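Single-structure report; data block below.
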Amino acid sequence: MNNTAVLLSSSPVAMARKGAMAAITQFLVAHNGSVLHADDHIDAGRELFLSRLEWDLDGFDIPVAEFEQQFKAVADAYRIKYHLALSEYRPRVAILVSSQDHCLADLLYRHSSGELRCDVVTVVGSHPAAGRLAEFYGVPFHLLSDPQNKRASEQQITHLLGQDVDLIVLARYMQILSPEVVGHYLLRLINIHHSFLPAFVGANPYHRAFERGVKLIGATSHYVTADLDEGPIIEQDIVRVSHRDTIEDMMRKGRDLGKVVLSRAVRWHLENRVLVYQNKTVVFA
Amino acid sequence: MNNTAVLLSSSPVAMARKGAMAAITQFLVAHNGSVLHADDHIDAGRELFLSRLEWDLDGFDIPVAEFEQQFKAVADAYRIKYHLALSEYRPRVAILVSSQDHCLADLLYRHSSGELRCDVVTVVGSHPAAGRLAEFYGVPFHLLSDPQNKRASEQQITHLLGQDVDLIVLARYMQILSPEVVGHYLLRLINIHHSFLPAFVGANPYHRAFERGVKLIGATSHYVTADLDEGPIIEQDIVRVSHRDTIEDMMRKGRDLGKVVLSRAVRWHLENRVLVYQNKTVVFA
Amino acid sequence: MNNTAVLLSSSPVAMARKGAMAAITQFLVAHNGSVLHADDHIDAGRELFLSRLEWDLDGFDIPVAEFEQQFKAVADAYRIKYHLALSEYRPRVAILVSSQDHCLADLLYRHSSGELRCDVVTVVGSHPAAGRLAEFYGVPFHLLSDPQNKRASEQQITHLLGQDVDLIVLARYMQILSPEVVGHYLLRLINIHHSFLPAFVGANPYHRAFERGVKLIGATSHYVTADLDEGPIIEQDIVRVSHRDTIEDMMRKGRDLGKVVLSRAVRWHLENRVLVYQNKTVVFA
Amino acid sequence: MNNTAVLLSSSPVAMARKGAMAAITQFLVAHNGSVLHADDHIDAGRELFLSRLEWDLDGFDIPVAEFEQQFKAVADAYRIKYHLALSEYRPRVAILVSSQDHCLADLLYRHSSGELRCDVVTVVGSHPAAGRLAEFYGVPFHLLSDPQNKRASEQQITHLLGQDVDLIVLARYMQILSPEVVGHYLLRLINIHHSFLPAFVGANPYHRAFERGVKLIGATSHYVTADLDEGPIIEQDIVRVSHRDTIEDMMRKGRDLGKVVLSRAVRWHLENRVLVYQNKTVVFA
């Protein structure tokens, strides 16, 4: 595993046409940074140029602390907004969960096997069963004192997590967070919804899918915003169902979908592959 | 290809438990009908037993014209509602189309290659281009005189088709039929909608999918009812999209989806594999 | 969950045409067994009629111990071979595993959440790490004393499992079993192979897939026979890859595939949905 | 549609690390070429840096005829091999076909609807039926005089096509071309094979898939090389089958797969998105 840096950036298309990408890569090469991956995208309608550059820090002659200052000339010249992330930094991740703990079990196993480059610092659950899983994987577990009391639960969560958390995964938390909490952790909250959004927003998607007689069911992982199930979508997938599938079968199939879809979204986020703008995502996967 | 009969039937679950299926197969065997395929389904919530039986008419000793009378005792005893269809009958199919003729081209090619067991008796289009395709495949074509005038168009269509049509395929007809026309041809109208319903009901689904930033787009084939895009779903499928896909790319991918999804639905309908009840379908595929 | 019986049966097509299915259902109904699910299939080339019938034992007036005797007349008349299984019986399952324990973790979680109707009686592993997982889920674990010694390992396995086991799942066991062991547990051994068989039979399928430049990778679950990777296939699935995927990425994607494909095969086997004949399976799913 | 240029290039990874990409983009920007799309890939094992750059020729101040000369300094400095393609050039495409004309019908329809940016200059077929389709779409058709005579057919084909053809699509041509013809048109021959290669290389893949009892069937589009079905894969896809599918059903499903897979490969080739190296492809899609 290399010691790398990732630059996620955006600039107006007009600037991109004047050579924003060339200027950035030129800057990196001039400082002995060898580019490992480059990917970009132009959103023509929104006139935005978006890119992800990953380079080897081995030999790169600018200390990270001075990057902003040294890069300023380029950023200003091309009106580049950017986010710099380092592979050596291990994001601090919290997981919120209910009694439905299949996504939790999946994420903790993946983490333990090295698939997710982060530290899982805490699991907060509304049900004690999740505590056993957390304990097995060596992660501190906190039980919500009064899960039915939304206000108290949110206070407990924000108190526990503070600001020192990079990502909060709602691994079937099954509660709608208040706008205050969402605002507090904006773009740091990833949820899994068990339908192919925008179909079946809200509660009981499988029951409604069953009633509607759909031939596919889905799962969607998205950043949480103040509008329920309306945040930027990171990943979706579906599985085929037929008249033979009961609601219980749909739920079972949906659990498999949810695990895969959520874990992809979390991994891409942790690897700094997701760029959000105007309620959409670019996933440089 | 055998000369076969298909019996699509439904009965209350309580009757099924008393042996409805055994009674039907016993009846067929007693009359020297050898069963080729049997499939059934219990909808526990609605307490319905649904089945499809296909048997070889070669040697079957009841003339079709007398089936109803001879089967009456069994049907009454088990409260069986049924529909009998014969493979030798070639359903009469009409296709309605706009300037978007990819589904038309696809259906006509499939028909010409023997994939669809029916007679395509007419194509009605709002645009002359479809006429060339129809002519090539030897199907009469009728151009709507005044496509913008919905009332006149519907009168022209019902006049052309009359009641002597078994199926009307809306192959991207792009007009909402009035409840009168829908009622006239109930369960004989199959539409293709270019989204995974119930997401993006109505107009411009790809534009809305693009705006929403979904990672999958879909297509849905369904029977038309008076409620727009709310009829019983026969088939759905999806294809993956990413930020790289423009709306034009989505449309291109959507055309491929639409052709496959619509043709599956039409084929299943023609092979008497679809049983509709309470706005859902059982597809005995 | 009902207390049910499942009859998996096969008979010559000629007998089926004379009413084998009707005779069986008639027999069940006559003894007050209400059929919950019926599914059948004719393999025209092999002239075989195959079926699965599931009925409610509540009210069924034949004690299971007497089923064979009472059903004999029907079975003889129509030359029916059959296997009777009871839902109340919980199959005894053993899992063999190597250091690659993702399938094990997945199966144990599914079992603990009630998805797999069986008793996992033992886990045998070539690596101690699997022991922690087994312990967490309350399943006895046995470490192979000398994993490099194939003969010794097989003796240890057969000694541990004896004949009192209904299914042995090779959850990435990574060793080829000798024909003796395979013969000992015929049709009771389910393996997961990480390719879409028959592509990439044998070792290192991902490396070979990478070299060949395929655009899809797969996983296959099959019964084990004496011919390596040639046994009857129960389930397969694939995932898309591109030039961006390294072998490590393929392995990660393959783990997700493997878990889902293996667990489906195991569940179908446990629910008596799989009928094997002439190296193929019918899965009544 | 813009008037654009595409540069497909490769260079040693060591050169890429010294800034090959930056140098190229710098060169383009310096000559007023605004980059529309950039994509690249490092094949670590083979130490190759591969990229695709597309830029707007509107305003680009180097005439195409002088590109090579002016770009030479950059190409030499970074040991860049490249291929330059212009969107205004319409590739000349020939299609070879047998009596199985579904891919031909599909390609001609797509071409007529503007999906494929090329001129279809000729269709050569072993069966007269394809001639009607070609005529309908206004493409010259040539019937092979003696389809059973492979040598004569190849002479007729090379005589008809000469060297003035950019791509030859084997749209179910069903004959193995001799190494001479393959060598003559190297990397200009795209074939569709009806299996997920490398499974079922050679003849009758569906029959063999049926015998093996696979649960998925596939299609593969690839460049033709002297080794049968061993050329660089461009695209693959699969569809699910079950025991209910006869060989005829597999063939029908396979036709749908084949059309989509082949048309994707052809489109990507025509849009200069495919880079071949060492029997693999990078598809910058």
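Before moving on, here are some points about what is shown:
The first chain written gets the first letter, and so on, giving A, B, C and D; residue counts start at 1 in each chain.
Operating definition for what follows: contacts are C-beta pairs under 8 Å (C-beta built on N, C-alpha and C of every residue); 3 or more make two chains touch, one makes a residue touch a chain.
In this text the structure is predicted, and so the values were computed from the model without any measurement.
When you average the Cα atoms of each chain and compare centres, the chain farthest from chain B turns out to be A. Each of A-C and B-C has its own count of C-beta contacts, and the greater count is at B-C. Computed centre separation for the pair chain A/chain B is 41 angstrom, with centres defined by C-alpha atoms. In whole angstrom, the spacing between the mean C-alpha positions of chain B and chain C is 36. Residue positions 244 of chain A are each in touch with at least two other chains. Of all residues in chain D, those touching chain A in their complex are 16-19, 21-22, 25-26, 28-29, 34-40, 42, 56, 240. By the touch rule above, chain A contacts chain C in their complex via residues 102, 105, 109, 113, 115, 132, 136, 244, 252, 256, 260, 285. In the complex of the two chains, the chain B residues touching chain A come out as 41, 43-44, 196-200, 212-216, 218, 232-238, 242-244, 246, 279-283.
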